[in-house]
Each structure stands twice: as C-alpha cells, then as structure tokens.
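Chain nomenclature is as follows: A, B, C, D, E and F, assigned in order of appearance, with residue numbering initiated at 1 for each chain independently.
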Amino acid sequence: MFMHNKKLQYTVRVSEANPVLASLMLEQFGGPQGELAAAMRYFTQALAEEDPGRKDMLLDIATEELSHLEIIGSIVAMLNRGVKGELAEASLSEADLYRSLTQGGDSHTQALLYGGGPALTNSSGAPWTAAYIDTIGDPACDLRSNIAAESRAKIIYERLINVTEDPGVKDTLSFLMTREIAHQKSFEKALYSIEQNFPPGKLAGKRQFADLYVNASQGNGDSDGPWNSGGEWKRLDDVVGQIPLDGGAGSATVKLTEEEARDLSTFMQRLESRVDEQATPAKRH
Amino acid sequence: MFMHNKKLQYTVRVSEANPVLASLMLEQFGGPQGELAAAMRYFTQALAEEDPGRKDMLLDIATEELSHLEIIGSIVAMLNRGVKGELAEASLSEADLYRSLTQGGDSHTQALLYGGGPALTNSSGAPWTAAYIDTIGDPACDLRSNIAAESRAKIIYERLINVTEDPGVKDTLSFLMTREIAHQKSFEKALYSIEQNFPPGKLAGKRQFADLYVNASQGNGDSDGPWNSGGEWKRLDDVVGQIPLDGGAGSATVKLTEEEARDLSTFMQRLESRVDEQATPAKRH
Amino acid sequence: MFMHNKKLQYTVRVSEANPVLASLMLEQFGGPQGELAAAMRYFTQALAEEDPGRKDMLLDIATEELSHLEIIGSIVAMLNRGVKGELAEASLSEADLYRSLTQGGDSHTQALLYGGGPALTNSSGAPWTAAYIDTIGDPACDLRSNIAAESRAKIIYERLINVTEDPGVKDTLSFLMTREIAHQKSFEKALYSIEQNFPPGKLAGKRQFADLYVNASQGNGDSDGPWNSGGEWKRLDDVVGQIPLDGGAGSATVKLTEEEARDLSTFMQRLESRVDEQATPAKRH
Amino acid sequence: MFMHNKKLQYTVRVSEANPVLASLMLEQFGGPQGELAAAMRYFTQALAEEDPGRKDMLLDIATEELSHLEIIGSIVAMLNRGVKGELAEASLSEADLYRSLTQGGDSHTQALLYGGGPALTNSSGAPWTAAYIDTIGDPACDLRSNIAAESRAKIIYERLINVTEDPGVKDTLSFLMTREIAHQKSFEKALYSIEQNFPPGKLAGKRQFADLYVNASQGNGDSDGPWNSGGEWKRLDDVVGQIPLDGGAGSATVKLTEEEARDLSTFMQRLESRVDEQATPAKRH
Amino acid sequence: MFMHNKKLQYTVRVSEANPVLASLMLEQFGGPQGELAAAMRYFTQALAEEDPGRKDMLLDIATEELSHLEIIGSIVAMLNRGVKGELAEASLSEADLYRSLTQGGDSHTQALLYGGGPALTNSSGAPWTAAYIDTIGDPACDLRSNIAAESRAKIIYERLINVTEDPGVKDTLSFLMTREIAHQKSFEKALYSIEQNFPPGKLAGKRQFADLYVNASQGNGDSDGPWNSGGEWKRLDDVVGQIPLDGGAGSATVKLTEEEARDLSTFMQRLESRVDEQATPAKRH
Amino acid sequence: MFMHNKKLQYTVRVSEANPVLASLMLEQFGGPQGELAAAMRYFTQALAEEDPGRKDMLLDIATEELSHLEIIGSIVAMLNRGVKGELAEASLSEADLYRSLTQGGDSHTQALLYGGGPALTNSSGAPWTAAYIDTIGDPACDLRSNIAAESRAKIIYERLINVTEDPGVKDTLSFLMTREIAHQKSFEKALYSIEQNFPPGKLAGKRQFADLYVNASQGNGDSDGPWNSGGEWKRLDDVVGQIPLDGGAGSATVKLTEEEARDLSTFMQRLESRVDEQATPAKRH
C-alpha cells in the first residue's frame, strides 16, 4: 500500500512565476521520458515480478519516481501560480492576458484548459499515453528498457537545466537528474545479476544468421566498426544477389482451399487492371 | 535513397489461411515492439547522427527492418488471403461469414475494416503511434534504447513462435527473431565504442545523491542485492525522517509579484472551503 | 513524498488462473474509469490546489487510489500467472497455447505483448491516455468531475462483480467498489463547502438565456419534466422561427483589411464552382 | 433525424482577422471540454436511454450543442479568414507569411495543415478523441458526468472571454457560456428526478468501509473538514498498522494447477537474480 | 442551426438482440470510415467554405450523415438491449453473464465499459479520433478526399451486410450504403465543377519531374500499365545510377555560424565512436 | 527487400539553421499528409494487392515516398543542426538558450525532447498515428484514397514553399511537390484501368435512393448545382414531412426474449424519472 507525507523529497524554491518555463517543465511531468512514465513502467513490472529481490527494487524505485512526479509537478504549479489568479480573476485587461498567454511555448493551453495546474501532457500538449511504456514482462528485457529509460530521462533533465536561469529550479532539477543516474546503476546491477540475460528468452535462434551483418545501405559513407567488422561478424555486401537468405524463391505463398482459391480468383477478375491507355480526368489539364 | 527488389529477404511459406493467427502476427507489424517501430527508431536516429560510422550502421539496420516489415506483412497477407475473397465476394452464407469473423482475436476488425490487408495496428487493433519511438537524439541513450528494443522484439517473436503450429511460419519467424539478436549485438558494440557513455550527457549530477539507494517500499519483502547493497551504495531506510534530502522545508514556494499575490488571494477567498458540516444530496440516501 | 508498504490495503485471494477474466479486470487498471485515472485526477488537482483542506483530502484519496491500482493490478497478475509460465517456457503444444490465447476477450494481447503482466490498457487493449483526465483547475468544477468519476467507477466495479464467480475476487472488488462510494461522499461534502459553487467561476452569464430551454428535438416523444418545465424555465418551441436568438442576421462575418479581402476574392474566383451540368467519371456507370 | 437551417443560433460578428486568437478558440471546438464532446456525450446517451423524458432532454441538448459547435467553428473560420487567402494565394512575401504564421499559439499548424479551416483539435493541436467522452450507460452516473462537463465548459468559456478584446466575439462567447449554465441546471433536475441516485447501481457495498476516511497522506498539513470529520465518518489514521483492512495477510495469491506451478517455477529459476556483487558496464565510469 | 425530429430517416427493425453483432456495427458508428467521421469531415469543410453552392451541399450532406449516425447508433442500441438489462440487474448467474460477454468480438468492453450503449469506437474498441479527418481547406483536395471517403464507407457497409443475417438490419444497412453512392456522385459533380482542379493549388511544379515514373521497385514482377507507360510518361529504370535527380552531390548540407559549427564539433568529439574491437556484455554469452 | 544508397534522391542545400522553420517542415515528415503516411499507405496496399501491375506500382511509389521521407527529414536535421550542439554543449547562457527555444512554433519540444532530430510528429507535436492511413483493401477505393492523399500532400508542400525564404529548401520542396503530382496521375490511371470502379464493390444498392438528393440544410443560402440538380437527381425538400423514407414508423425496435424484456423493465423502473418539480443543489444560488 502507498502512504504519503506532505513534505517533498526535495525542497522546491522558484524565484518568479513563468508560465512558459512551466510548459517546458511538463516534458518531465507528462512527457514520454517523464516521471509518470518512469513510475508506471516500474510499478507494472513490480506487480508481475516473481523474483522477490527485483520486486522490492522495482517497488522502491517506482515509489521514488512518484515522489519525483510530485516534485516536478510542484515546480510547474509554482511557475503557473501567477497566471492562475490573473486568468481566474480577470485582473488584467484582456489584451494583457492575451499577450501573457501567447508569449511562447504551449502555455496558452496550460492556462486556458488546465487553469495553470500541471497537466499530464508533454511540452507540446500531447496527452500522456501508456504507449510510452515498453514493459513486456521478461526481466532481462524490461531491465534493459529501464536502463535506457533512465539514461533518456537524465538527458532531458540536463537539457531543462541548460535552459533554466532560476537557481532554485536548477538545484531541484539537478537532484532529480542525479537520481536517474543512481537508478540506471541499480537496473544495470540487476540485469547482470541474471545469468542468462543474452539473448533474452529460451530460443537460441538460427546459428547462421546470428553473426551476420547485412550491409543494406551502401554507397559513399559505408564504414567499418566493431558493430559490423572483426571476428564476431560475417558481412553480407552483395545483398540483392544473395536474397532470399534461405535459398528459396523469395516469394510469399499460402495453400488455399478450393473454395478460397475460387473466391479469390473471382475477386481478382472483378478488379483486374486493364493495361491499355486510359483517359482520366487529370489528363485534361 | 531507398530501392526495392520484389524478392523477400526470406521466403514465406504459409500452410493454410488462418485470420486469427494473422491478427496475432500483427503484433510485429504494427505493434509497439514491431518492425515499423524498429525501422523508424533507427531511421530517425540516422538522419540526425553526426558520426559517420553510427550513421551507416543505423541506415543498414533501418533498411533491413523495413525488409522485415515486408516479411511479417506478407505472412499476414497470406494468412488472410482466404477470408479476403470470401468476404468481398460474399461466397459464404451470412451466418458462416459471421462465424468465421468472430472466432477469436481481433480478426473481425482486420476483415471488416481492412479487408484482410495487413494493418498498422497491434493484435488488439490499437493503431501504431510514434509515441512508441523513444529516440531523443543523444547517441549514448539512443543506443541503449535500441539494445532494449531489440531484446523486446526478440521475445515477442519467441512468443509468436510458441503459439504457431505452421512450420513455414515458424521457420520465417525464427529467422526474424535471430536477426534481432544480431542487431542487439551491433548496438552494444556501438554503445561501448563511445568512451563517455555513462552517465550520458555532460553534467555529472550531485555527488551525494548518485550512490544513494532510497528504500521507499518497506515492510515484509525488503531484500538485498547488488542494486542496493555493497560498497557502491549508501542506503536510506529512515525515509520519512530524512526528507527533504536537502535539509530545507520540503515545501514548494514561489515569489509572486504584489499583483499576482493579490489575484491569488482573491481567487483563494472566492473558493475557500467551509469546514462546518454541510448537508449534501448524497446524504439523503 | 510517497512511501510504500508491501502489504496490500486488502488481501487478494484468486481461486484459479484465468487470463480472459484478467483481461476484463483491466477495465479498472488501465481503463478510463479505472484506478490510474482516479489517482492522477486527484493528484494533479492536489498539486495546484490553494485551499489546505481540499489539498489534504485530494492527497489522501489520490494515495488511496494508487493503493487500489496496486490491488486491481495484483488481481490481474494472479489471474495471468498460469499463462505467463506456459508461454515463456513453451510447455504446452503450440496448438494448446494458441487455443488458450484466443479463447476470448483480449487476453491474446495481454499474453503476447505484455507477457501476462498487468498493462495500462482497457479491456479492449486501448492504451491509457491522459485524455481521460478532466481536471481544469477550478475546484467547483473539479469536485463535480470527481463526484461523477467516483459514481462511474462504482458502476464498473459492480459490473465486474456481476460477471465474476471467484469468491475471493468478488470480495476484493466489493471492497474497492465501496471505497468509491465513500470517496464520492467526501467530494460532495467538499463541493458544498464552497459557498459560490454555482454557477462556477465569476461571470454570471446573460440573464435572458440562463433559464431558457430550447426544444431542439421535436416530434413524437416530446416530454415534460423538471428539466424543461415549471417556474424556473422559459421554453422555446418555435426554434427555427426565433433564431438567431440575438435578433441579428444569424450570419458569421468578419471585417477584413483590403489586402485580406483581395486575396480572399482571388482565392474564391480561382476555386469557384460552375453550376452547369458536368460529365464526371462516375456518371459512366 | 437532424435538419439544419443556415441561420446560426446566435450571430457571429468578428472585428478583425486574428489567427492566434482563432487557435485559442479551438479549445471549445475540438478540445476536451468543447462542443463536439458535449454533443457526442449527450447524443450517445440519448440513443441508449430507455426513459422517454430523459431521452427527449438529451436529444434537445445534444442538438443545441451541435448548433454551438457551428457557432464556435464560425468564429474560428472568421478569425482565420485573412490568413487563408494570404497563404493560398501567396500574396505576402515568404518572410511576412512566415512571421504571420509563427507569432504565437499553434496558429502555424492551423494554417499549414488545415488551411485556416476550423480543425477538431484543442488549442495545442491535439486531435479530438472519443476518450474525452465518459458515458457509461447508467443514467445516475451519466447525469453526474453531464453536470460536471457543463460546469467545466462554462469555465473554459469564461477564460476565453477574459482573453478576448473583440466585443462581437465576447458577446457570442457570453451567450454560449450562459447556455452551459442552463444545461447544467437541466441535468441537475434530471438527476434528482431519479429516486435511487445514490449510490448509483444496485449493490450497496460493504457497510464497514462506506463511512471510512483513510488518512493516507500525513504530516504537516493534515486538515479537518466535512469530507473527513463529523458524525458521518470514521477516520483511519494508523494506516500502516491496520492494513490489510480485511485482517488477512495483505498478500496476493492464486491457486495454480500443478502444471502451471511447474512452468512458473522453471521460469523463475531461469531468470532468478544472483545477489552477489556484479561487475557492470556503468561501473567503469 | 441544427434541429432534430425524433423520427429516424429510415426505420430500424432488429430481429433479436446480439451484442457481438452490435460490436461489429460500431465500425460505422465510431470507426474511421463511419458516420461521425463523415459528418465531421463535411461539417468542418462547410464552415470554412467560401463558395455558397459547395457550402450548401456540404451542410446538406453533413446533416444527413448525422442522421445516419443516429440510425447506425440505434441499430447498436437495439442489438445491445438484451445484455444491458441482464448486466445491470445481474439477472443471470455470474457464469452465464461471463460467457455471454466473452463470446466474441469486443462485446465485453461494450458491456462493461459502456453498459451496452453505442460507443464512439471502432469494432476493436479503438476510440474515434479526429486524426481520421483529412480536411485541409482546399476544395479541389477536400472533394477528392470526400469521394474517396464515400467509396470506402460504401464498402464497409457492404461487408457488414455480408455478415448479417437479420433481414431488418440488412435492409437498413442497404439504405445507408446506397446513400454513400449518392453522396459520392454529388462530390464528383462538385469536383468537376471546379475548372482548375488539377493539379490542385497554384504552383505548377518542376516540369521535368511531373511526367517521370521512378521504377524504384525492381526485379521479378516489374510490370507495365498506363500508370507508368505510354506517351505521358518518361520512365527512370537506372535509379541508383541517376540519383540525385538534380545532378548535385546527393548530400544534405547547412551553412552554420562559427559558433554553431564549434558547438557541433565539440558534440561530435565528445560522442565519437572508437572503431576498434570492444568487449561488451553480450559477448560473454 | 529494401536496399538503401546513401545519396539522396535530390540534394538538400540549407542556407542557415532555423529550428522554427524545422518545426514547420515536420508537417511533411510526421504529419497526416506527410511522407511516412504516404509510404505506409501504399506499402500496406502493396502487400495485400493481388493484381501484379498495381502491386508493382504501389511498391515503386511506396519506395520513392520512403526516399522523400529521407529528404524532408534531412531538411529538418539540417535546420536543427545549430540548436543541437548549442543545447547539448550548453554553450549559450541559459537565458539565450531559453529565448532560442521559445521563439515560435513547437521548436521547444523538438529541441528538448528530440534533441533536434526529426521527430515523427506534425508541426504541433502530435505523434504520427496509423489512424492517418485509410487503406481498406478494396483497390477501387484505395486508389481514390491515394489520389486524394497525393492532392493533399501537393498543397501542404505548396504552403511550405510559400513560407520559406531559403532558396535551397524551396528548390527541394518544389521537387517533392512535383512528384506528388506525378503520383496522383499514376493513381488516376490505375483507377480508370479498373472497369468496375463505380460504385465500388459488388452490391448495387437500393435504386430509389441512389439518385436522391436530400436537402437537409435549408433556409437562406440554398443553392443549385450539378451535385443536386439536373436529370440525374431527384431532390427531397420536404424532409420532415417525408421521413422515414421507407414509409415505416421511423422508430428503432428489437424483439427481446421474455427474460431480456423483464430485466429491461426492472432496469427502467429502477431508474425512472419523476416528473414533478425537484429541489436541486444548483437551485439555491
């Protein structure tokens, strides 16, 4: 069960209200790399996790990410606290309010639609969606997804720090960024605690294709690197000449029943294409 | 520039039409871990990549993933080839068609809406969305995202193989699964070819919080593991007692202008909450 | 800050694994009336709430809803616990696994894509979206939204109880349903503690239109009720005869600059419609 | 059946073209609290409503909301009427057009993608989605949802009025806002005409949990109010000490078949976590 | 302004309740080719249309499509009228209700989430989205979009007719299908009433590329037809040999300021890729 | 199978970095009328196409559209190449970076979230969705959809050209625009090569309703044109007087079983509406 204490995990001190900066901060509130996505990624994994150690870790970090959602949401709420009263009380002239709302970012939507409250959207106003969550229920994959997600969140915080002048906001963002580094380390430890982590799953795959590098993009710019060269790789350069790689026809076929084949043949004949020249509307111009 | 050859990279041999199995296969066509997501993830990275070696690798693999999209789409098309003619030509009785469409999965939508063609949805009919793509334009992060994505795609193929009896489909799925293993290896090689890959970005974070493990979920089930114990970690157990971690008040504050403060005060008074007992509609019941 | 204890708020006892029932339960996990929507609705309101009493209440209930998300997610995880192992270990024949996955509901996607973990989708596999959240930052509105949301959640639980035979699941769902009743009461109390709760906001509107009932749907079936009849209502029956209600022209106009008017005129002439008979492709058939 | 008359329900008089203001107005055209959402909410309820009186009311109001969609859409069309011709006829220099498109809001997308026509998006360009509609087919709930929706729409109109200088637009928006007040009253009358409206549905819930207030958020800021105190409430403060509330173990369990248990055990062993220290890539940095 | 009459445009006679068939019918209620998409496509075009004749036509057809939305929604409501009462009143045993809800299609979500009311989703439960609407505000394009949309809607109705045994439903669907044919004809007439309808817009394009057919897919299966052969076409077969088609370098370049170039160079060096062999985690397995 | 050559189909020469212009260009990268939508529309059609000629054409054009996606994506990458380094290296002051990010359009999201890489969103940041793709698997419909789609894409390019001063960008956009014209012609040729292209499908519809024009929008502004007048049309003006068009009751009915009828009756009684005056909360104000 969750419990809550009204103290934040880290103090939020904002120097002045600024709704445009607020709208940028939403990237880590309701954006794809933000704290709700993090919390829900780990929480859904925890619920289905069978290993007690990983379950505990996932619950620890999910709970902390919810606390970070609270921190970043509090930053947004503080930055919007000026415009909230002005809009609700109509204290400025219409022209001044209009100007204040359309000065940049998507702050207009934050004010008009959400009344200055932190909304679960990214900085462009796209609503948060569970499509952001890539949990698939295999620990060796999910931990890799978590490592990647933490690294991305770290960078988004770094970018937000780079555009923020407010020292209090900067300080709190630095704390949040640092915690992503710590979480990334935890997830790496947990991944490498699984003996059979590569390839994930049980099936080994077809030996002859596991070390093959297909040079599908050619021409000026072809390069060598450890990802396609060296003792671990066979490289296929004559791609068109070698396909299909199974030595078959390279076509797609299915065995149909007689009835299915007859119906399909009727369908094809009804819609077959004449190959002689056709007058068409567009031709006239 | 892209070119296309009508031969597939791997031959597709389907034993019999089966629209329900087709709808399951969509997971790798228009699903979150499917081939369009893979192709677009790498392609968008390639366009902005400054390093020539990584750019070449990303284009190679993006191009191959498009070719895999073609293979899995061809499997779907073959599996639906029976129902396509039957529905378009209305060759069965209505009752038989109705039965054939509602026998499981989401094959009904595939038939009614897409006419048996492969649709860019997952196996539940959710349309593909770019929200699946987690590219953020930092190579040390994007490569981690790619490693994770390949591992997930490998598992989805494994699950599809496990539910497929058709030997031809199984064989082609095994090829596709194996290629994900190869791609995962390439991306790992590329990640470890970047010297400064951890933490990603330039900012180091706050030292005192980088090795801290916050035991936010407590009670029966607390566990130790390399992700929270050992020489690299300090652990915080008395969480409520220690917050906020900066030693401040743990509150969120903003400095408002006089006008902002006045408006907000008006807003608060207008909407303040009486704390005495209120009769409410629900009470009557 | 959030804290977590590994005990659930209410014990979950599931009699047997059943992935189809699991997929139905998702309605309250990742569906529009489910627990994540509830938690996020109240949590986002709490962050921007200025009234200390309401803020406390919103945090109390948001935190409890997160704990309910954990309970319903645990039910899903238990119901899927059988298929999870079978699919990952491929212990059944392909035909048996295929049958078990396509027996109804959207359990196929839950298994293939999420590996049996609880996914943030509704029972049809539509991913959770913040578009479900109707917070607008005005307490007199948001509390009404909360009352309505709790009433809806109560009914979805009632429907799930009605289709569940498992006594343990039924018992836990009854607990969750009851809590929605309690929350609805709290939100009603809070709404009626705001003196100026109707109409919400500051503007009173145009007097002559506030008590007008427009009988826009006519013909057989027109009815009287307290919503359109009695001393509080004026009713408009001759709608077409009376529009526009402001006594003007009923048209839409804008004053354009000379340049704008000239451009628009060019645009209109370029695309104007000939009214004489036209031969068209479709005519030939 | 619907019929249409080319007169608007209320005259629209716009003083000058202004594409940025147009983009703000979209909030009530294709936004979550806008007129399409209103019309579709009531229309879908009307189609399934069994009570003749409520069905009539829902059709009356749905039809009027469609007429309001027409009014707000006409405001948008008028405000965009200048840029429409300029962009289509390329009458300005590229630099002037570019400046006029990027002066604020999301007017750039309105011009480039929709050619200045009113689009079914909110003011940030997020496409309208049926996820906005919370109809669940129970009148006692749906009427509460309608009351809440009308109150929200009222406030969004108030905010738009507060940022609009144009007297004609202001006047029309005031009309639309007032109608939301009238609709809210109708829906309240209809709700209280249902005797058994609380709790909605048939099931009464578990007595011991219906009057319980769970103080899940604690610490500085805990407050009393009619929503958690007084004769109608029992309050639970020692939350961690009392869970689970059923007196059980607070765990989640399921009875598995022998085969299921064996598969799960294999799965767990294959993926179990070693708890000794692991060297990991991130460690090297 | 819209008006409504409670008579339907066409009588709906359903022989027996059938929630699975209801869920298929949703394709034309809240699906991409359904009646809401049609109504909103034409209605948004009408609001911005400058030509009075086309505006009138678009309003006529939009209004009729709303009336068709009412008809198809009424079919859904009738087909669900049995399950609605059973679920709300819990009149069947839980097992019977469970069976009745999971017998096919997505009828489970229709019952649980929407209580049997017609929902604005497609037959797989994907919520309606304005992304279905392709209006761009150019009449010569929008009319083509309308022609295509009507042709698609006609086919979806045909498919629904083919799976429906109920003679009353079949009759009403035939009416709706026929109206799509009539609308398609109207839109064709309107398109060919615009003199300058091809190419749409004002700009003519680059002469040398307007009649060029690029044979980008080669190999076995290359075909000739009026779309790539004959007097109107030049064909490019040696694609790789001829690109770029402008005779330039085929690269992408931008002139950067000195500062921009310096920053980019720092960025590249920081993240450059070592090309020597790297030990990676995956290698160990 | 797809192959790639690192030369672009057309050279991209950008005069100076400009992230706001980049964000406008996204309309043709990840927008509804953009190149990914085009490529995927034709590619999905190709996979299911039975006619070899059309299949070849669809693959040719799909492949070329992918190459156009590469071109427009390269334009975006070049326009963002300045801000990418500045943000990653934090070379400007925070205030300068903030200003550069919030100067218009949605360039702030492009920088913060995507690091300046081309993202699969439209110019307002709405993620690309397969809901944009209207393929239904009937060639006579799909070709009409393709014709319409090409005409729309042509106009979006024209609008982008009109707002672009950069001569290199203008030149490349003109190439891309021209290719849409060529593709539109190919699809028209292919449509008119199908003998039975109108009405699409096999069913002819109800004769008496195929030539009927329903004048559903009346009043001032009613117009005549070839779409509603002349020898091919019967026109219905007295709409309310004539409905339902089948001469029936205009109602919706279903035959219920006795049990279903009884449950429904219980449901109706439980929720029936009292028609006498009700005191309601809103009344008090």
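The rule is short, and it goes like this: a residue touches a chain if its C-beta (ideal position, glycine included) is under 8 Å from a C-beta of that chain, and two chains touch if they have at least 3 such contacts.
Which protein is which chain? UniProt says A, B, C, D, E, F = Mn-containing catalase.
Note that this is a predicted model, so its numbers are computed, not measured.
Novice: I'd like to know which pair from D-E, B-C or C-D copies the B-E interface, where a copy means over half of the contact pairs are the same by residue number.
Specialist: Equivalent contacts to B-E are found in B-C.
Novice: In terms of residue numbering, is the interface formed by chain E (Mn-containing catalase) and chain F (Mn-containing catalase) classified as same (over half shared) or different (under half shared)?
Specialist: Comparing the two copies, chain E (Mn-containing catalase) and chain F (Mn-containing catalase) contact each other through largely the same residue numbers, since over half are shared.
Novice: On a C-alpha centroid basis, what's the spacing between chain B (Mn-containing catalase) and chain D (Mn-containing catalase), in Å?
Specialist: It comes to 26 Å between the two C-alpha centres.
Novice: Taking each residue of chain F (Mn-containing catalase) in turn, which ones touch at least two of the other chains?
Specialist: As it turns out, chain F (Mn-containing catalase) has residues touching two or more other chains at 1-9, 32-33, 53-54, 56, 59-60, 62-64, 67, 74, 77, 84, 88-90, 103-104, 106, 113, 115, 121, 124-127, 129, 131, 136, 138, 140, 155-156, 184-185, 189-190, 192-193, 196, 198-199, 201-202, 216-217, 219, 221-226, 232, 240, 243-244, 250, 264, 267, 270, 273-275, 278, 280-283.
Novice: Flag every residue of chain A (Mn-containing catalase) that touches chain F (Mn-containing catalase) in the complex, lowest number first.
Specialist: 20-21, 23-24, 27, 31-33, 103-106, 122-126, 155-156, 159-160, 162-165, 216-222, 239-240, 243, 250, 264, 267-268, 270-275, 278-283
Novice: Residue numbers of chain B (Mn-containing catalase) touching chain E (Mn-containing catalase) in their complex, please.
Specialist: Interface residues on chain B (Mn-containing catalase), with respect to chain E (Mn-containing catalase): 1-7, 50-51, 53-54, 87-88, 90, 93-95, 97-98, 101-104, 106, 108-109, 111-113, 115, 121, 124-127, 138-140, 184-185, 188-196, 202.
Novice: Applying the document's contact rule, which stretches of chain F (Mn-containing catalase) touch chain B (Mn-containing catalase) when the two form their complex?
Specialist: 1-9, 30, 36, 40, 43-45, 47-48, 56, 59-60, 62-64, 66-67, 69-70, 73-74, 76-77, 80, 84, 88-90, 113-121, 127-131, 133, 135-138, 201-202, 280-281
Novice: Spell out the part of chain D (Mn-containing catalase) that touches chain B (Mn-containing catalase) in their complex, as residue ranges.
Specialist: 192, 196-199, 219, 223-226, 230-232, 240, 273-278, 281-285
Novice: List the residues on chain D (Mn-containing catalase) that touch chain C (Mn-containing catalase) in their complex, please.
Specialist: Against chain C (Mn-containing catalase), the touching part of chain D (Mn-containing catalase) is residues 5-17, 32-33, 52-57, 59-64, 67, 74-75, 77-79, 81-82, 84-86, 88-89, 91, 126, 129, 131-132, 134, 136, 138, 140-141, 144-145, 147-149, 151-152, 154-156, 158, 161, 171, 174-175, 177-179, 181-182, 184-187, 189-190, 192-193, 198-203, 205-206, 209-217, 221-228, 232, 240, 243-246, 248-257, 259-260, 262-267, 270.
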